[in-house]
Each structure stands twice: as structure tokens, then as C-alpha cells.
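Paired with chain B in one complex and with chain C in the other, chain A is shared by the two complexes that follow.
The block that comes next holds the complex of A and B.
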């Protein structure tokens, strides 16, 4: 076991493998920065190039590229509030808020360092989990996956502002998200729901245009209205520092970063949960770390913990997502599905063998993710503070560029004008939500979890009838759901008691 | 010296002259794929895009454009009526589109028989595979099953759903179909954790799991592939003519598993060139080697045969269509 772990590292450290990995990193870097041009599409485009490579080299190339996409996607999220990837939207909430306060450098530093910690923790968690990973994954049947989606939805309680009114708004926004998730042909009866006779809507709403619209458009409108730069009143000289502060933040909140990394790894391992969910659950968990109502209000207004959580989960989930792909031949995401195609090209058969005879190859993949992240983060640090200065550029100059990113990013989802309409529509909804003080995070959570919850509930009932309710893991997850929902109540109660004691 | 130079120049110009006559010289051909990058249709198209140019006179550049949405109805509408019939657009779509046309699905603006058919790059056979630890080794065992056998599926319109549905409804197999899995590999995992007892799907997507002895195939549809010829065929077991017609109708498009067409009205000469190129490219040893590595089975079905299948599907009597509609919806 430990031998294979070590051997995997040696496999990656050969110069040819490293060279291919670097090439992948350079490619992935740009793909991550450009919104919309997703990691999955790029992987598909690069697949033909691996024919002549050795397996370890090929995976170093593909995974090096893929690992970096998740990391650099955070950069546009922080700087412009435009999600660079569907999986880096949660970083916007606090990351971009920090940029507006003139702390872009610090936010970027925190996002990248937590990404790095996430990747490393994810890798080691996997290494430890290899002996038990097959039984663990097999324990999670449809009922358990449904309950996991419910736990995710319960995080709405943490993502909403406190008090009855805040909770009500949070859950209503979540409900709207669930409703939006039902658009399209349903998989049980084949009925077209809310498609308004538009072919475009058959497959449901595309996540990227919705996310870009709901997060980026309000920011752009805000920037126009303010008539300043993103960082507003902060003097440009001050922006030249801060990245190091972000690194320190990561270690200041080290346990939170570790916990969020583990959440990411776990969600990554669960096949069918999808990449977008991990970071939102991590964000929800990060908000739970607020010690009092005052601190809780800081989330969404630029609390660095809101950057650390999703940053860490975003990268640790990549290691996790390898597991179902490698061990079962069942990809956890579309990018992994393409990677699976790579397996066949290289003559490897995914399956239990990858955890025994080919374990060192599996570990070489994990190491690739770790090394690619280390390299990217080091390279990025060279010019993070310069990037941060972009937030001092006058809005009028920046907006055209951001708009191009927004439009192209949305359009690349399916290359259909419907993508643009969806982006604009949700841009409008997003703007109204910001104006009215409605939280956007619960909406997104509802949207990304809606399909999973619906389908797994149907399967659970069709397969087990009522018996699924008594499965042990389901019961544990139910308790966890209650815990997640009640925790904010407990927190405010405790804060109240303390106040009373002081009085 | 001068003569030699002139000779060389003339020789060099020869292939150029031939190429200049080709309508494809210096042009870019776009293959429009009705799905996102990474799936089976997309991978086939990208493999062809790499190998086709050297077999087309004039050696055009070939690019792949993904136009996903509405189970590729959007892409088919585009190639049918938006693209110019200049031979520079090739489309590859969901093989079930003729069924969408037959069932008069809203939004369908094409006629499958009017496309300029190149042919099909592969046939896809659907099989039903059952978990190997269950006592059902053959279809006979399955028929005698006293316990309901649970089949995982993605959703109506997909072969994971429709194929077992007809086995259940028309052959009376004791199956229960549980749908909603997000992909066929998700169903595979459900099989592994024994949540479901089996699944239907294209042989190519199940093959590696058969090799791993996780499942084994018990029955197939009409289209065959090396390795499953011996399996019983669903429509041969039909109790009556109408049931047979319904099953035949469902599996007919599978012979044209990876359809390739051009815009109606494309000049005959260009269609012929493209057909030639497909035949040569698919029989190319290099392409076959790559396909084998990627576990894809590439086999050319000529355009007129594909067209015949379309006509067969679309020429069904109304009572068969009505019966078919009871079971099958268009999807995936």
C-alpha cells in the first residue's frame, strides 16, 4: 500500500511525465480562466493526443489540465464575479465581496492556498481510504444518495440570513431552485415539463448560463451604477499586497480548511453527486463556523472563510471523483467520463484491479493532482498581486471585457442562443434578488440538487417501497439533516443566553 | 537544367491541379454532432474527422461542432434547413430521430428520408444483461423467474428503458423497470451494489462489464455485433405479428447506429465523394486500430441501406404506429 503510494510519486516525477503534466497545466490554466470553456470539453479535445503516450504520462497530461481548471476558475470568480467554471461559483459570494473591499489579493491568496491544501488533503484521504473505498461507495445506494441530497438542501438553513424572515426567504429561494431543476423531460414518464414548446429546454436548464447570469449580471449592473472601479474607493497602492495575507488566513482557519477538504473528497467519491455540489456544501459548512450573529452577517460581505471553504472543497473533490471512475468504471462527472475514454485508449480496464495490481498508477493520478496544484499555486503567486490591481481599473474600461466573458461563457454551454436568453433572464432574477435582499446561494443549491433528489427519491420508492426509510445510513443522514437545520437555531439561542448572562 | 526545373514544376503542379478541381480543395467541412463533447456520437465523429481528410479529394480540413439539445433534434433541424447544401456540412444525430418523426414529436422540422445519406459508421446493438450472481443464465431462465427481476434504466426513449419495457409487455417477462439513473454507468454501479438485477443498453457500453464477469447478456435486438451473434433476438420470440412489428420498429434504427447525413440538395458528386471517403476511412487499418483501442466497433453501412431503414420505419401502417406509441416515447 505505502509502497504503491511512494511508487506513484516516482512515476510522476519522471521528466517526460513532468513535461506532459506541465503542458497540461498551461492548457488548463487558460481554460480555467475563460468562463464557459469547460474542463470537460477541453479533455474531449485533448483525448486524441494521448494515443502515443504511456498511461502515466497520459494521465499526467489530462489530469494536470483538469486539476488546474478547478483552481484557476476561482480567479475570475474573485476578480470579476464571473464564475470561471460551473464549479467555482461559490467562491464569488465572499471572494468578490472581498475584491470590492480592496482585498482581491488576499482573497486570491486564500482561494489558491486553500485549493492547494484541499488537493493535498484529498490525496491523503484517498490514500487512506483505498482499502475501504469499494464497500463505502457500495453502501451508498439510491436511498442514501437521496438523503445526501437532503443534507445538502438542509444547508439552506445556514446559507440564509438568521431569523424567521431570513429563513423563510432562504427556503423560498431554495424552492425556486428546485422548481427550476424540474425543467425538461422527466426520466420517469418522459413528460416535457416547463419547456414551453422550446426544443432548447428539453434537456433542462444549463447550469453555467444560470450561474453566470445570477452572479455576474448583478455585479456588472452594480459596477455601472457605482461608476467606479471594482475596488471602489480603495487607493490603488494598497492593492499591491495582500496575497500573503490570504496564505496566512488559510492557516488561521486551518481546521475549517481541512474539514471542507474532507467534505469535498466525500462528495467527490459519491458518484452522481456532481462537482457543483461539493463547494456549496463546503460554503454552507463554512458559514456554520460563524461564532455569533454579527460574524454570520459578514458572510457574503467578504469573510475570508467563505473563500477558504469552497476553495478547499473544489480541489479535494477532484481526487475523490477519481475513485468511482477508477475503481468501478463509473465516472463521477462529465470530465471523468471523458477520462474513462482515456483508460480504454491506453488499454487499462477500470475496475477493482486499479485498487490492487495497478494501484501505483492510481496513486500516480492522485499525485498528479497534488503536484499540478502546487505548481499552479506557486506560479500564480508570482503575479497574484498584479492580477489584484485589475480591481482598480475604471469600471467603464473593464465592463466590456467582462461582458464578453459573460456572453461567450454562457454561449459555450450548448452553442445555442437559448443560453444567452437564459443568462439574461437569470441575470434579471439575480439582480432583483440582490435588490430585495434575497439570498442567491439557496437558489443555486436547490437547482444543483433538485434532479438528484427527485430521481433518487423515485428510485428508492420504486425499488424498496417504504423499506428504504429504515436503512441504517439513511437514519444517520436523517439525524445529520436535523442537526444541520437546527444548528443555526441552537447558535442564536446560545448567543441569546450569553447576552442575557452578560446583562 | 531549365528543362529539369520545368519538369519538377509541372510534376509539383499535377496533384495541385487535380485538387483544384475538387470542390473540397482548401475548404473546411463541419461535422455537426447532436450531443455534447465526450459521448459516443462525439467520439465517433472526432475519430472520423481525423481520418477522413486524406480520403477526400482536395484534403479539406474537418472540424467537429457540438450542437447539443433536445436529443439532437436541434442539430438535425439545423443541418436539414439552415445549413447550405454545399457539401461542407455533415450531420450525425441520435439514431432514434426517425422514431421522433414517426411519433410526430413537436419541434421536428426534418424528413429523415430527404437527407442526403452518407451512411452509418457503426451499428449499435442493444442487449439485456443480468447480474452474474443471479440464477438466470439464459433468457429461458429469465422467463421462468418467479421473482420480479429489477431492471435499472435512465428514462423513456432510451434503449435502457424501451428495450426491457417491450420484453416485459410483449414477451411477458417478469421485469420491473426502475428509471431515473443519470447515466448508463450509474446503472452499472447500481448493479454492482445489487440495487438492481440488470440493465439493457448498447453492447459497446456493457462489454467491459461482461468481460469483468459482473453481468452477462441474455437477449439482444436485431442489430448484431461480433461476440453476441448467438444470443436470442427479441422480435423472433414475439407471440404475434403486431408485437413483432413493434419490437422490429424499436430496433430498426439501431442498424444505422451512427448515422451520417448531408443537407438535402447537396450535389450528387459531393455526396458520392463523401461516401467513398467514409468507406475508405472506416476500412483504414489505422482507424480500425484506434477504434479497437477505444473499444468502439466501426463498420460502414452504406447510405442507400440506411435510407431503406428510414423508409421501413416511416412506412409503418397506422395500427402498428398506434400500438408502438403506447410503449415508446422519443428521447435520448
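The block that comes next holds the complex of A and C.
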């Protein structure tokens, strides 16, 4: 095994493989930066080009591209509040808030370093976990996966705002997201639900226009109203000094970064859960790391831990998602499903062969993820402080550019005017949510989880009827959900009692 | 403003979930199960939030999310918000009528010149730069199929 691990590194370091990986990195870098252009779509577009490549070169090209998309997707989230990728939306909450305080450099430094740590954790999880993870994955059936989705939603709904009423709003936002996920043709009976006879809605709501609308439109309106740059009145000198501070933040909160990386890896392993969920779960965990209610108030207003968590989980999930793809031929995400197509194009069959005959190819994937992220982060750091200065550009010059990106990013989802209408509609809802003090994170998680949760619920009921509720792991996850909901209430009640006693 | 937006959202969610329940009633159970399981509790929660908003029994806790600036007088903030919405909807109208290739430079130039009151050279340079990126990247390199504007389709 050690030999194969070393051989995998040597394979990646061959000049031709390195050249293909570099080409992939350059493509992934720009795909990550451009809102709307998804990593999975680009993987699909690049698939025809791997026919003539050796397996190691092909995976270096495809994985090199895919591994950096999440890393650079964080850059637009931090600087402009526009998610470069669906998987980098959670970074907006604290990353963009930091940019507005003049700490864009620090936020970018933290996002990139935590991304690197996450990628390394995910890659090594792939290397170590294959023999261990098989029994765990096999114990998770549809009922457990459904409950895992519910835990995720409860987690983010209860933690994204304070007090009973805040939690109610969190659950309302999450419920609305779940309901929006039911738009389109249902997978069981083929009924067109809430489509209003529009063919465009038969496929359901596209994630990118919804995300771009709900996050970017309120930011743009806010910027027009303030008539300043993103960083406002912060002195220009401060903007280019924080990148190194962001690196140090990663190591100051190193265990949080590692824990969030492990959350990302775990979610990545679970088939169908995907990176959009991993980031929010990690964000929820990061907010939990606050020691008291006062500290928790800082989340959403520019707490660096809110950047580190999603940053780490975003990248670690890639290694995690590769585990079931390589070991069992079960893709952990849509991007992995496309990569699985790459396996077959190259004449490789995922499964035991990848862990025996082609073990060095499997390890070359591990090294590709690690090296691609190291190269990207080093390149980004060279430009980081200059990127941070973009937050000092006058709003009048920045707003039309962001608007163009927002409209094109939404339109590219399906190249239909409906994408823009959806973006505008959810932009309006996002604006009302911001105005009313409602958290947007649970809505997005509900939307992402809705289809998966519905499928798992249906299979659970069809296969086990009510007995699925009594499965041991389901019971444990139910108890966890209750704990996640009740603990913050108990905490705020205790804080209230203490405050009253002091007064 | 804060409570009005909350009340609008709560009432909106009540209306949407009520519609979902009524619509789902006509579907087979397979298709209706999940929407009904979500819409029922959602309606009740939204009603609780609306009542909470109307009677103002308890203030909401601090939300962990982006907050809008509160430094401006309310009237001025409202006026500028309407200006922002007008630009966003104007851009949408320009895209539908003229198509992306014409709407993009038009928006950039008009916004920078009229709203930003920047100098002529800067307005022209920024417009050309954005158009070059749009044309080079999205049109020539990625070949994204941008639909022609309705106006041109009508004139043809």
C-alpha cells in the first residue's frame, strides 16, 4: 500500500500529467470565479477531451479542475456577496460581512487556507477510509439518509438566529425551501406539481438562479442605497494587510477547521447529499463553537469562524465523495456521477479493482486533489491583497459589473428567460428576508435537501411502512434532532435567568 | 419596516402553503405526501409568526445574516431602494427587448454615466472593457446561446 501511495505521487509528478493538471486548474479557477458556471457542468463539457489521455492524466485534468472550483468560488462570495458556486454560498454570510468591515484580505486568507486544510483532510480520508467506510455506508439506508437530511435542516434552522421566535423563522425559511423543492415533475407519480402549465418549471427550480437571487440582489440593493464601496469608509491601507491574518486564523481555530473538514468528508461520502449541504452543516457547527450568546451574535456580522467552517467542508467533501465513487461505483454527488462516466470512458471499472490492480491510480487522485489545491492557494495568495482592494472600488463602478454577472450567471443555468425571472423573484424574497431579519441559510438548505429528502421518505415508507421510525440509527438521529432544537432554547433560557439574577 | 417585511413574509408563506395543500389534495398520494407533510406544519408555523408579528408579544432574536444599513433616514433609504429596483428591472427589460449583447453595454454605460456621474472617458472605457469580457468569454469562447431581443425578432 505504501508503495502504491508513493507510486501515485510519482505518476502525478510526470511532466505530462502535471501539464494536464495545470490546464485543469486554470479552467477550474475561472469556472469557480464565474457565478452560474458550475463545476459539474464544466466536468461534463471536458469529458470528451479525455479519450486520448492515460487514466492518471485524465483524472489529473478532471480532478485538478474540479478540486479548485470550490476554492475560487469562495472569492466572489467574500468580495461581492455573489456565490461563485452553489457550494460557496455559506461563505457569504460572514466572509462578505468581513469584506464590508474592510477585512476582505483576512476573509480570503482564511477561506483559502481552510480550503487547503479541508482538501488535504478529504484527500487523506480517501486514502485511509476505503476499507473502514464500507460497513458504515452500508448501514445507512433510506430511512437513515432521510433523518440525516432532517438533522441538517434542524441544525441550521435552530442555529441561524437566536431565541424562540428566531428559531421559528429559521424553521419557516427551511420549510419554504423544502416546499420550493417540490416544484416540478414528481419522481414517483410523474405529476407536474406547482408548474402553472409552464414547461420551464417541469424540471423544478434551478439552484443557481435561486441562490444568486436570494444572496446577490439584497447585497446590490444595499450597495446602491449606501452609495459607497463594499468596504465603505474603511481606510484603503487596511484592506491589503489581512491575508496573513486569515492564515493565522485557520491555525488559531485549527480543530474547528479539522472538525468541519471531517463533516464535509462525511457528507461527501453519503450518496446524494452533496457539497451544498456540507457547507451549511459546517457553518452550523461553526456557530455552535461560540461559547456564549454574545459571541454567537458575531456570526453573520463577520466572524472568521463562519468562513473557516464552510471553506474547509467545501473542499474536504471532494475526497469524501470520491470514496463511494471509487470503491463501490456509487457517486456521492452529480460531479462524481460525471466523473464515473470518465472511469468508463477510460476503460476502468470502479470497485475492488480500483483498490487492488489500479491502487496507484486511486492514490494519484489523492495526490491530484492535494497538489491542485496547494498550487491554487499559492497562486491566489500572490494576488490576494490586490483582489481585496476590489472592495474599495466605488459602488457606481462595481454595481453594473456585478449586475451583469448576476444576470448572465442566472441565465446560464438553462439559457431561458425563466432563469432570470426566478432570480428576480427569489431576489425579492431574499430582500424581504434580510429586511425582516429572517435567516436565509435554512431556506437554501431546505431547497437543496428537498428532493433528496422526498425520495428517501418515499422509499422508507414504501419499503418499511411505519417500521422505519423504529430503526436504531433513525432513533439516534431523531434524538439528535430534538437535542439540536432544544439545546439553544435551553441555553437562551438559562442566559435569561442569569441576566435577571444579575439585574 | 422590519415588522412589515416579516408580516408580509409570514402572510405570503401562509398563502403559498394553503395553496399547496389545496393543490396537493387532487394528486395521487405518492405525489402529494411530501408537499402535504411540509405545507401543513408550514401553514401553522407561519400563522404563529403572523400572530406574533401582529400582537408583538416577543421580539425576534438577532439573526446570523447580512443586515441592511440603518444609517440613512427612512425616506431617503426608501427612495434609493426604489432606484436600485428600477435599475434591476430596467436591465431585465433591456435584456428581453434587446438581448444580452446590446443590453450589457447599454446598462454599464447608462449606470456609470447617469447613476454614478462618472466622467465620459471612464464610462466609455469601463463599458468597452465589460463588453469585451462578455463578448470574448461568454459569446466567442463558451458559445452561450443568448437569445435575440424581442424587438429585433419583431422587426425581422
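Operating definition for what follows: the second predicted complex is superposed on the first by the 485 of 503 C-alpha atoms of A that agree within 3 Å, B and C clash if a C-alpha of one lies under 4 Å from a C-alpha of the other, contacts with A are read in each partner's own complex, and residues count from 1 in each chain.
Here is the rule we use: a contact is a pair of C-beta atoms (placed from the backbone, for glycine too) under 8 Å apart; a residue touches a chain by one contact, two chains touch by 3 or more.
This structure is a prediction, so every number in the text was calculated from the model and none was measured.
With both complexes brought onto chain A, simultaneous placement of chain B and chain C is permitted, the two fitting side by side without a clash.
By the touch criterion defined above, A:297 lies against chain C but remains apart from chain B after alignment on the C-alpha atoms of chain A. Once the two structures are overlaid, the count of chain A residues touched is higher for C than for its counterpart among chain B and chain C.
Within the superposed three-chain model, A:81 lies in touch with chain C and out of touch with chain B [touch as defined at top]. One geometric descriptor of the composite model is the angle centred on chain A: between the Cα centres of chain B and chain C it reads 80 degrees, in steps of 10. When the two complexes are overlaid on their common chain A, residue A:7 makes contact with neither chain B nor chain C. Contacts of A:186 after superposition: both chain B and chain C are touched. Judged by the touch definition given at the top, the superposed model places A:245 against neither chain B nor chain C. When both complexes are overlaid on chain A, the residue A:415 reaches chain B and chain C alike.
Aligning both complexes on chain A leaves chain B and chain C separated at their closest CA atoms by 7 Å.
Touched by chain B in one complex and by chain C in the other are residues 186, 188-190, 415, 454, 458 of chain A. Against chain B, the residues of chain A that register as touching in their complex are 40-41, 43-45, 47-48, 51, 137-142, 185-190, 197, 199-200, 202-203, 271-272, 324, 328-331, 334, 337-338, 340-341, 344-345, 347, 349-351, 414-416, 418, 451-452, 454-456, 458-459, 462-463. Within the complex, the chain A residues that touch chain C are 37, 81, 92-93, 96-97, 159-166, 168-169, 171-172, 175-176, 178-179, 182, 186, 188-191, 193-194, 217-222, 224-227, 287, 296-297, 299-301, 306, 394-397, 399-401, 403-404, 407-408, 411-412, 415, 417, 420, 424, 427, 429, 432-441, 450, 453-454, 457-458, 461, 492. Only residues 36-38, 42-43, 46, 50, 65-71, 73-74, 77, 106-107, 150, 154-157, 176, 178-183, 185-186, 188-190, 192-193, 195-196, 208-209, 211-212, 290, 293-295, 329, 331 of chain B touch chain A when the two sit together in their complex. Those residues of chain C that touch chain A in the shared complex are 1-6, 8-10, 13, 16-17, 20, 23-24, 27-28, 30-31, 33-35, 37-39, 41-42, 45-46, 48-49, 52, 58-69, 71-72, 77, 80-81, 83-85, 87-89, 91-92, 95-96, 100, 104, 107-108, 111-112, 115-118, 122, 126, 130, 134, 138, 142, 144-147.
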